[in-house]
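My questions all concern the structure below.
Labels for the chains are A, B, C, D, E and F, by order of writing; each one numbers its residues from 1.
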Amino acid sequence: MMRPGHLRRLVKQALREDVGSRDITTALTVEPDSACKGVVLAKGAGVLSGVMPFWMVFDQLNADIDITEPMADGSTFIRDDVIAEFTGLAQPILTGERTALNFLQHLSGVASLTNQYVKAVEGLDVRITDTRKTTPLFRALEKDAVVHGGGRNHRQALYDGVLIKDNHIRAAGGIAAAVEKAREGVHHLMRVEIEVTTLAQCEEAVRAGADVVLLDNMDSETMRAAVATGHEHGVVFEASGNVTLDNVRTVAETGVDLISVGALTHSAPAADLSLEITLLD
Amino acid sequence: MMRPGHLRRLVKQALREDVGSRDITTALTVEPDSACKGVVLAKGAGVLSGVMPFWMVFDQLNADIDITEPMADGSTFIRDDVIAEFTGLAQPILTGERTALNFLQHLSGVASLTNQYVKAVEGLDVRITDTRKTTPLFRALEKDAVVHGGGRNHRQALYDGVLIKDNHIRAAGGIAAAVEKAREGVHHLMRVEIEVTTLAQCEEAVRAGADVVLLDNMDSETMRAAVATGHEHGVVFEASGNVTLDNVRTVAETGVDLISVGALTHSAPAADLSLEITLLD
Amino acid sequence: MMRPGHLRRLVKQALREDVGSRDITTALTVEPDSACKGVVLAKGAGVLSGVMPFWMVFDQLNADIDITEPMADGSTFIRDDVIAEFTGLAQPILTGERTALNFLQHLSGVASLTNQYVKAVEGLDVRITDTRKTTPLFRALEKDAVVHGGGRNHRQALYDGVLIKDNHIRAAGGIAAAVEKAREGVHHLMRVEIEVTTLAQCEEAVRAGADVVLLDNMDSETMRAAVATGHEHGVVFEASGNVTLDNVRTVAETGVDLISVGALTHSAPAADLSLEITLLD
Amino acid sequence: MMRPGHLRRLVKQALREDVGSRDITTALTVEPDSACKGVVLAKGAGVLSGVMPFWMVFDQLNADIDITEPMADGSTFIRDDVIAEFTGLAQPILTGERTALNFLQHLSGVASLTNQYVKAVEGLDVRITDTRKTTPLFRALEKDAVVHGGGRNHRQALYDGVLIKDNHIRAAGGIAAAVEKAREGVHHLMRVEIEVTTLAQCEEAVRAGADVVLLDNMDSETMRAAVATGHEHGVVFEASGNVTLDNVRTVAETGVDLISVGALTHSAPAADLSLEITLLD
Amino acid sequence: MMRPGHLRRLVKQALREDVGSRDITTALTVEPDSACKGVVLAKGAGVLSGVMPFWMVFDQLNADIDITEPMADGSTFIRDDVIAEFTGLAQPILTGERTALNFLQHLSGVASLTNQYVKAVEGLDVRITDTRKTTPLFRALEKDAVVHGGGRNHRQALYDGVLIKDNHIRAAGGIAAAVEKAREGVHHLMRVEIEVTTLAQCEEAVRAGADVVLLDNMDSETMRAAVATGHEHGVVFEASGNVTLDNVRTVAETGVDLISVGALTHSAPAADLSLEITLLD
Amino acid sequence: MMRPGHLRRLVKQALREDVGSRDITTALTVEPDSACKGVVLAKGAGVLSGVMPFWMVFDQLNADIDITEPMADGSTFIRDDVIAEFTGLAQPILTGERTALNFLQHLSGVASLTNQYVKAVEGLDVRITDTRKTTPLFRALEKDAVVHGGGRNHRQALYDGVLIKDNHIRAAGGIAAAVEKAREGVHHLMRVEIEVTTLAQCEEAVRAGADVVLLDNMDSETMRAAVATGHEHGVVFEASGNVTLDNVRTVAETGVDLISVGALTHSAPAADLSLEITLLD
C-alpha cells in the first residue's frame, strides 16, 4: 500500500509531464464552465487496479468530480462492462483523461495477468508472488495490483527482506558463511532467504539454517527433491525462473510454497479500457 | 531527449524506492572494497534503449564503473550477444543491478516492439509514431526508445501540439469552429491537427483548413478516400486505432503519412536481458 | 497560462524569501485575531495583471480573505481608481502585503507597457508579441501579462517552437540545410521559423520552405521588400530588433505579421499601485 | 550574498523553464561536439551585476566553459566594451544564451540605475538603499546588484529587521506602545525602526526610544526639522517615498542618513548587453 | 515561531521516516473504520511544548481528530495530569503515535529544563537565553520551546545577528577593527556583539563601540568588573560557558543582562509523557 | 546506515537553517582566502559517532578540507584527547563549525550512553537495542550511533518489522487472532513480535506461534518465568520499559535475548566535544 503523500507526488509528476505549461487544445476549444459525463468502459476482460491514481488525477486538476457509479480495485470485468460513471468539469477531465487511463490501464494489466497465473494454480497450496522486476517508481502500485489480481507480495524492496543470491554467496565465502553473516546482522524480526541452483546447494542451505530457500531455474524433479530437504522442518521454498502460464501448474505441483513471476509486472500488456466522455449542456 | 537533470531525478527516485534505508543483504555479505565485472547479455533478439539510465544507476551509487565494452541506444542484438562489459565496486553494482535492468529491459522492450512495426512497413513512405499512451513519468524515455527502434515521435505532450478530438469539436461547436479557435489561439509556430471518424468529417476538416487530419479507426478503403481529400494540397494524414503488426502494412498502403500505435509504449514486453556479475579477487 | 501547482510553488518560494523564519514586526505589534480591510488603489493609469498570485499570497498565509470588490486581469485603470477591496486577518495581510504587491505591480507593469505598443499599431493587421527576454521564473506569468495588455505570445520556450538563428544556420551549413534538418527532425505539428538579416537571406529562406521568417534589425524599406518575397505564398513574417513606441507603427506598416518586443517583459517599470490597509475593530 | 545552493536552484528552475523537454532547434541543427567562442558586449553604459548566475547557466548545461577574459560584478562599462570572452561547447552555449543574458541584463540594470542615484548624491554623507520592492525570488540577487552599483542594503526581509509601519502602530495602540512591544520582543541584537509621516509623530517616536525613524513622503523642510529631533542623540533617519533622480540630492541635503528607493529594483530597465557567438572549426 | 509550511514539511519527513511504505502491523490488525480515544498523560512534572507538531502528525495522516480536551504550549504539568484528550480513527492514530510523541517529549523536555533555569534566577533582572547548539532542523521548534519554558531567544541563526568570536577578531586584526568592519557592513537595524575572555578585552570592546559584549567563561568577580565597564553607557552584557543549574544564580548576580545556556537544547532529557489509546466500539 | 543522498539532504537543510541568507559576521570580518587549522578536542570521555555528517557540513560549504588526523565512528575517547585535525578555508569552517558540532555532539552523546548500557551487561548473552523513540529525521543516524556504541538495532521503522502492541491485540480480537492476521499478511521474510504484560498473555502468545515476545514492564521474576515459556522452542524474548543503567544487568540476568532502551536516543546528553580553530597565515 502506497502512502497517500507518495501517490499524490507521483500523480503530480505525471500531470506535469503531460500537461506541462498547459493543454493548449482544451484551453482553446472548451469553455471553463462546461460540464461532462465520463464512463469507464471495458473493451476486454480482466481485473481492475489503479482506482486511486485514476481519481487523483482529476482531483489534482480540480475537476469537481461526482462519482455516480464507483469502481473498486480487485473487481473483475468483461468486455462492454460499464466500470464506472462520473460527472465533472469538462476542461480538467479532457486534460487528465490520458494520464488517468495510463495509470488505470497499466495497473489493471498487471492485475489481470496476475489473475491468470493465480487461476492456473487454483486448488494448490501455493502463492503466486511478484518480484522486484517492476517499473521504476511503480513498485508499490504494481505490488498492490498483484494483490488485486489475487497474487501475494514478495519483499517490497532491498530494505525489508534478506535474499542472498549467488554473488552474495561467493562474496561471503560460501552458503553457510553467507547465511550466518546475514542472520547475525539483521534485526531479530527478519528471516533469511537464500537462492540455490542445485540440490546440493539446497541441502547446504537447509543445513546452514536458512529460513527460506529460493530454487532458481530448476526442473520439476529437482525442485521436488529440493523441497523434500527441509519442508517438514519448517523451511519455506520459493520457485523462480522461466515460469510461464503454461508451466506454472507443473511448478506448483512440486510442493513449493511460493512461485515468483517477473512477467506479472514487467511484461503485462495494458488492459483495454476506455473513457467515454459526453459533454453536458 | 530527456534533460539530464530530469533523468537524474528519476533514477534517484528509483533507487530510493528499491534501496530505501539500505540493501541489507549486500551490506551484510559483501566487503565494501570488493570489485566485480559485469556483463550485459542478450537472451533474445531486439533493439537496445535505456543506456543512459542504466549507467546512471551505478553512477549515483558511486560504483566507480569502468566501461570496457560500451553499448549504444539503437543497436540491435540477438540471443547470446554480449551487449556491454564493465568493472566496478561489487556492493553498489549488486545493489543497483535490478534497478538498472528494470530501466534497460523496459525501454529496450519498447524499442524492440517499435522496430517490428517499422520493419513491417519497410519501403513505404510512412512514419510509425508513438502516442501519449506512455507509462507515467517515462514519457521522454519511452519516446526516445521509439526513436531508437526506428520510429518517430508524435507531439511530446499536451503543451507542444494541438490535436482536436471529438469532445473538443463538440465543445467548440463543430469542426470548422474548433479549427478556427485553435488556429487563432496558438502561436504562429504550431500546426493544427483534428481527429475525424468519417469521410464527411474529413472533408469538412480539410475545408476548415486543418493542417493535419487524424483518421480514427477507419477501414482501409475509407482511409484511402480520406487521404485523397487533401493530400495534394499539403494536408498531412495520420492513421490511428486498432493497428497491429498484422494489419499495419495494409494501413500504410492507404497512403497515410503517419501511423500512431499506442501498443509501442503501453504493451511492450520487457526485453530479455540479464546482467551477469563475477566477483574479482 | 501557468499550471496552478507551478504558481503555488512560485508564491510559496516568494513568501519563504520575504518572511523567512517570521515577520518579527507584525508578530510583536498586531494581535492574531485582528481583522482589517484592504483596498488596492491605482496611483497612475494602466492595465491589470497578476490577480492570481496576488490572492494566492494571502491564501497561503491563511488570511481568510473575503473579496468584496473583485479585480480582473486585463482590466484598465486610471489614477485613483479603486481596483479591489477585501477584508481578512490583519497579521497575514500585513505580512503578505509587499509580496502580493511585488507580483501585481510587476505584472501590471508588463501589461501596461504592452498595451501602449498595441495601441500604437491600432487598426493595422499585426500582432505585438513577447520574446524569451523574460525574468527567469516569470515566463508564464509575464506572457500572460502580455496577453492581458492586448499582445500575443510568441513560442513559450525552446521546447515548443523552432526558431533558427544565425549560429544555427552556420552550424547547419547554410539556410537551406538548416531548414531541412529542422523540418525533418520536428514532429508534424510544428512550423519552422528562421532569422535573416538581409533580403538575399530572406529570399533563400523562403525558397528553402521556411514557414516563418524573422526579419532582424532591418530598415523599413528592406522589410517591405522582404515581406514581398513570400507573403502571398503563405509565409509569415516577424519583425524584431530596436522596436520602440516611437517606431513601432512604421515597422507595422511594412506589412509584417508580427512584431516582437523584448522591452515588454525586460524593461517595463512597475505599475504604480498601492494597498491601503485599515484595521477593523 | 546568496547561498550557492540557493542560486544553483534558481538557475536550475530558470533552465527548466526555458529548455523544458529540450531545445529543439539547437538539437536539430548543431553538432554535439561543435565548439564556439562567446563575447559579452556592451551596447550602452552601466555597471555589471549577475556574473555568478551567468556562468552558472552554462555550468549546469555542462558547456565546458573556458573563460579567457573574466568579468567582475561592480565593474563599469561603456558602449562597445568587451565585457567578457570565453569558449565552450556550442550546443549548451546556444541553449543557455538567453537565460544567462536574462539574469545578467536584469541585474546589471539594477546596478546601473543604483549607480545613477549614488552619483547624484556624491559627496554627501548619505546611503542610497534598496527596499523590499524586489522581484519575487530575486531578493538576494537584486540586493547584491544594489551593492555592486554602489548602494547599500536595507534589511534583507521581514525576518532580519524590525520596521513598524502605520498599521502596526494603530494595531499596537500608538507609537510608544508599538516601539515598546517591539523592543521587548526582539532579541538583543536588533534595533527598532518606525515609520512616521508628520513631525509630531517623529518627535513621539524619538521620545519612545526608536533607534531609527523612517520619514515617509515628507517635504524637505519637514524632513530637516524631523532630523533635528534626534540626530544628535544617535537616532538614525531614513527618507522614503517619491524619490527620483531629480530630487534625490535635495532629499539628501536634509541631513537624513539613508534614502531608500523602490525603483532601484522594481523599475530598472534591462542593461543593454549582448552575447556574440562565433562557431569555431 | 516556525512558518506553518516549514513545520508541515518537517512533520511530513518525520512520517516518511517512520512509516515508509506502510505501518504493516496496524494495516494487518486494525480495521480502517475503527475509532479510538487518546489521552496524553504526564508521568512526571514539566512544561509543555510541541503541541503544533503533535496534532499535525495526526492531521497529515487524516486521523479525523476531534480534540475534546485541548493542550497549550507553555502550560505546566505534574505527574498523572491528563494533558489532552481526543478521539479519531484508530489506524492513523496508532501509526502516528510514536512520531507525535517524539516531537512532544523532546520539545517538552527542552521547555522543562529551561523552566528550571528560569526559576533558579527568579527575581533577578536577567534573561535566560538559548544558543545555536540546537538539534539540526529543530532550531525554530527548540527556540519556541525555550520561550514556552520562560526563557528568551538569542539570535535565530547566523543571518539575523552579528556575534564576533575570537577567530573573527584575529582574522579582522583585533577587537576594534572587527567591531568597525561589522558595524560598517551590516544594515542599520542590527547591533554588534563581540565575545571576550578577559577584562582587558572587555574594556577594549566597550571602547570600540560594541553594543553587546559576551563574557565567555569568566569567573564571577571578573564578570562583575566587566559589567561595570559599560553597563551605565547602555552596553548589554551576556554571560556564557559552563553555566549549570547550580551556578546560574551566582552568574546572574554579577549583573549581566543575559545568560545563554547550550544545555537547554542539546542535553534536555525527553519529558516523560505517554499517550494512552483506547479503542471505541 | 543512511543512504548518502539522504544524509546530504539532511546536512543541506541543517545549513540552510543556520546560515540562511548568509553568515553576516564571518562575511564581514574574515577574508575569503584565509586558511585555518581545526582540532576536534574531547572535554570528557565517550564514544564517537557522526563523523560523516561532520565532514559533510564543511564539504557542502566548499571548505576545501584536508584531513591530517582522521577520526572514526565507534572509537572511544577520554578528556583532552585530540580526536581529529584538519586544515581548510577559514570562512566556511567558521560558518559550519556549529552545525558540524551539533551533529557530532548529539550522535556521540547517543553512542556514549549506549556504550554505558552495553558495558553494564558485559559478559551476558543479551543485546542492548534502540527503540523508535528517536529524534524525528535522525532515525538512521541515531541507530548507527547505537551500533557505534556497541548496541544493536531493533526494527528500523514501521515498514520493516511487525510488532503487535496492546491496541493492535484488542483491535484484532485477542492475541491469537492478532498473531494469525499478521502472519497471514506479511511477506514470508518477516517474523512476528507481540507485546505482553502478564505471564498468562505471554503463554498465549507463545501458543499462538509468535516468533518474538516483548515483555513490557515486568518485574524480574515474572520475566524469568515468561522466558521459560518458550525459549527452548526458539521463541525470542525482548525486555522493555523502565530500564536504567542501575537495573539493566538485573533485567539481563532474567535470560531475555534483547533489552530495548528508549533513553539511548531520546535522553542522551550531548557529548562534550569542541572544535578549536587557529587561523593560518
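Here is the rule we go by: contacts are C-beta pairs under 8 Å (C-beta built on N, C-alpha and C of every residue); 3 or more make two chains touch, one makes a residue touch a chain.
This is a predicted model, so every value here is computed, not measured.
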(message) By residue number, over half of the contact pairs should agree; on that basis which option among E-F, A-C or A-F is the same interface as D-E?
(response) A-F
(message) If I rank A-E and A-F by number of C-beta contact pairs, which comes first?
(response) A-F
(message) Suppose each chain is reduced to the average of its Cα coordinates; what separation in Å results between chain B and chain F?
(response) 46
(request) Could you grab the centroid distance between chain B and chain C? Build each centroid from C-alpha atoms only and quote it in angstrom. (result) 34
(request) Could you give the separation in Å between the centres of chain C and chain D, each centre being the mean of its C-alpha atoms? (result) 22
(request) Name the residues of chain F that each touch 2 or more other chains. (result) 19-22, 27, 140, 156-157, 159-163, 190
(request) Report the residues of chain A in contact with chain B in the complex, numbered from low to high. (result) 10-11, 13-14, 17-31, 34, 36, 90, 94-95, 98-99, 101-103, 105-106, 109, 132-140, 157-165, 167-172, 178, 181-182, 184-186, 190, 262-263, 266-267, 269-270, 277, 279
(message) With touch defined as at the start, can you tell me which chain A residues reach chain C in the complex?
(response) 12, 15-16, 19-22, 27, 60, 62
(request) Could you please specify the touching residues of chain F with respect to chain B in the complex? (result) 1-5, 140, 156-157, 160
(request) State the interface residues of chain C toward chain B in the complex, per the touch definition above. (result) 129, 152-156, 159-163, 187-193, 211-212, 236, 238, 257-258
